[in-house]
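What follows is a pair of complexes built around chain A, which joins chain B in one and chain C in the other.
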Partner chain A sequence: MMHIKSNIALSNTGFVFNPTTGDSYTINQVGQEILGYLGEKKSLEEITSLMTSTYDIDPPSFEKYYFDFISMLRQFELLDEEYEN
Partner chain B sequence: MRTKITVALTGLNNTDNPGPGVPVIRGIRESDIFEPRILGLAYENLEPGIYMDGVVDKTYQVPYPSEGSDILVNRILEIHKKDPIDVLIPNFDAELYAFMRSEKLLEEAGISTFLPTLEQFEERHKSNLPDFGKKYDLEVPFSKTISRIDEIEKLKEEFEYPLMVKGKFYDAYLAYNEEQVRMHFNKISAKWGVPVIIQEFIKGTEVNVVALGDGEGNTIGAVPMRKQYITDKGKAWSGITLDDQKMLDLTYRIIRAMKWRGGMELELVKSHKNELYIIEINPRIPAWVYLAVGAGQNMPEALVKLALGMEVKPFEDYQVGTMFIRYSYDLITNVKEFEKLSTLGEL
Partner chain C sequence: MEKKRFERPFIKKLQAGMPSKFGMKSQATPVTHIDNVPVPELLAEYGSPLYVISEKTIRDKYKKASHAFTTRYPKVQFAWSYKTNYLDAVCRVFHQEGSWAEVVSGFEYDKALQNGVKGSQIIFNGPDKNDEDLKKAIENDSLIHIDHFDEMYSIIAISEHSGKRPKVAIRVNMDTGVYPMWDRFGFNYENGDAWDAINRIMINEKLELVGLHTHIGTYMLTSDAYKVAAGKLADLAYGIERKYGVNIKYIDLGGGFASQNTLKGAYYPGSDTVPSLDEYAEAISSAILNSELNPRNLPTLILESGRALIDDAGYLLGTVIANKRLSNGNRATIVDVGINLLFTSFWYEHEVYPAAPVSEHMEETTIYGPLCMNIDVLREAIAFPLLKKGDQFVIKRIGAYNMTQWMQFITLRPNVVLIDTNGKVHIIRKEENMELIRQQEVVPDHLK
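Moving on to the complex of A and B:
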């Protein structure tokens, strides 16, 4: 199960602040939704189902973008170290 | 009721390479227990802090330490005779030696300081960093000192390029080849003398900690920061406080091991593997100390309390995500002010 590090601050304007590195980022509405689901500890299947029912996208395309997004979160050290694929 | 005290300090050069004087004064002025009168000690008559409103109450010109420690200390004692000083806070590395050596003399005259010991000062010196790392089991980059230009050619036997070329007190440049080392060596040795320090370049993010040790091994305060905007002189123009327990633990460990006395700035590089390397330990409060004040740790006030022998409880917390952003400002003054300081040595 993957999740965002517990000390990461996420505001409802899409501003993400990592207090350990001092880095900050802005993410769009879709990114916020995904981070919200990760915060609720939803599985990939659950997130895919929720997103594909909300947006006009098929599951394989969504998963491709999803894993791109996750690898970016990893690169920016926003994911917990216990993260597993 | 607040206690009236007179604090004298240097570092009023609030320029693009700022001294810590003005932020230290701001911290002391925000004290709930002191009502300070601030005496600025200026080496140059165009240091902005002299002319800024609400910063110093009076400024005295002082001679550079390079003119002789005794000359500088005698000038302080001369000022003290007509304008008694309770606490003296030196804010430059280069003048610390003179004041540490004269600490007793100053104390006898009634001037309190809270400085590292000569041994502590020497131990953490850039040129002694490898031995320091070994002694306290800390990660430091490999470094050596050179005093002659013909030693540069042999550096390739021990170092990989790029490497850092550093002055013994200030200045640090990255050099990608021998020619650049020669250029920086000449520049630095002309300004700060020899030896010049050659240091392994560690790739990573530069992070810093401002801290205060009580001389008994206790950390009174510590705030980690990352520079967000760095000037071409390598100075922070903007920074943010961090929540990094590893940096704090390293600070506590160093202060405990050295029994550090006074203000300190740790310059660290966090490698991509999240290892912390100590690049420098500066033996005084840094120019960005007001960020710590803003985040809840008024270290300048705590330093004054320590100097006066008052009990100081360690700070327990600070606000993570507090930022500072420097700015430049055109201050208008009259030549009469400049004339007074230039001719009378005080303003």
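Moving on to the complex of A and C:
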């Protein structure tokens, strides 16, 4: 299960702030919504269902872009990841 | 309820730094229509990728160029540079506007004849004219621009049997103050080769010296070089008049005017740095008018501009194949347009626009073509909107050279369409098929 670090601030105008590093990020609408769902600790299945019901995208395509986005969040060290066995 | 348009999720780290006073627009303006024809309709009808040529833009640009020169100099003649784009439909638009033809090979020469250009209105440039080409050009009273002494003696030999006096010009290369100096075409001005060639023609009398030509370079970013070139050709023409009492009928400044594409490595975009047609016209016209030449008997000014007249009229439409990340996390987008179709991507930073509205978010992206070759890169680094698989895009200003220097490599070349001045779309070169390619091949019996 992965979720966003608890101290990350997400504004509703598309800015992300990491108080630990002082880094700021800009994020688009789709990214903002995904980040919000991660903050609510929703699962991939739940996020896929929510996003594909709102946007013109099929689940396999969404999953592809979702994992690419997650890899960017990981590169920016914005994720808290718990690995389940 | 209609679903919202999906844009792939995107996050970008903000970098603090000094803002530039030359800040560029940060949002990509979509190109949704070309001459009022919707881009998605063009791609649906004619396939992707697709070359599109705007007849209206060609005619507008030609009129602008013609106006720039004819308002400054009394006798002006344009000659369409076939090598820049020799699709028949394109050539015929220029010929309808009044352009002669400027060709550099026997193939182009025949194309010009087939396009209905009179032999006497074909300028034959280029270093490779074989005897058959020369015979044909002499027979048709074409203007042969001599590139080297070997060619001059071939023409003299042919003329002895033809009973015609070939109309020739010499190609002159010179130092115009720009680097690199192009000295491979014709005879050098500074070292006396040009005068040597002129003297041999004038003394021989088998040839009629009607003009002086130069091609000083390509994509010239300063109009001053043309001023120097025009001055030197005028000086030669005046010298011929004094020495032999012969008036040179025309001075041909060749081509080389830049389009507004941005050269690789340039700091400022081409639209900010390229001289206008008026600046080129002013430099050339004033140099000839201010020379020693008799203003009552001025030579015609011939211009062989290609790139500056056709680049803006050409568009290359395509579709995103895939997105991926490179080892450093940078975005790469793979599209169905490769360097096989966009040869000019080797020297230009081509402008690539989305074909549909996008958000303000842009990502530093490398755009790769579809070829299985490492060099198939359209843009090394471009701030690019968040296009996803299947999204369409438009590459602007590709009308020059791409439809002549294209390569049939691992795939087939696509349709080329022309949008006429009434907005009607015409295929002017059909997409290739396997049969067309294979019919040129011959399999020996033992391999059948």
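Simple rule for what comes next: the second predicted complex is superposed on the first by the 81 of 85 C-alpha atoms of A that agree within 3 Å, B and C clash if a C-alpha of one lies under 4 Å from a C-alpha of the other, contacts with A are read in each partner's own complex, and residues count from 1 in each chain.
Keep this in mind: a residue touches a chain if its C-beta (ideal position, glycine included) is under 8 Å from a C-beta of that chain, and two chains touch if they have at least 3 such contacts.
Fair warning: this is a prediction, and the values are worked out from it, not measured in the lab.
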Exercise for the section: Mind checking the superposed model to see whether chain B and chain C fit together on chain A or clash? Expected result: fit
Exercise for the section: Examine A:13 and indicate which partner it touches, taking first as chain B and second as chain C; both and neither are also allowed. Expected result: neither
Handout entry: Dominant toucher of chain A (residue count), chain B or chain C
Key = C
Practice task
Please state, to the nearest 10 degrees, the angle that the Cα centres of chain B and chain C subtend at the Cα centre of chain A after superposition.
Solution key: 90
Exercise for the section: Tell me which partner A:22 touches in the superposition: chain B (first), chain C (second), both or neither. Expected result: first
Practice task
In the superposition described above, what is the shortest C-alpha distance between chain B and chain C in Å? Please give a whole number.
Solution key: 6
Fill in the blank from the handout: Contacts of chain A common to chain B and chain C in the A-superposed view none
Exercise for the section: Would you tell me which residues of chain B are touching chain A in their complex? Expected result: 205, 225-226, 228, 239-244, 320-321
Practice task
Under the touch definition given earlier, write down the residues of chain A that touch chain B in their complex.
Solution key: 7, 9, 17, 19-22
Practice task
Please give the residue numbers of chain C that touch chain A in the complex, ascending.
Solution key: 3-14, 323, 325, 329, 359, 361, 386, 388-389
Fill in the blank from the handout: So, in the complex, the side of chain A touching chain C is made of residues 16, 23-31, 34-35, 53-57, 61-62, 65-66, 68-69, 71-73, 75-76
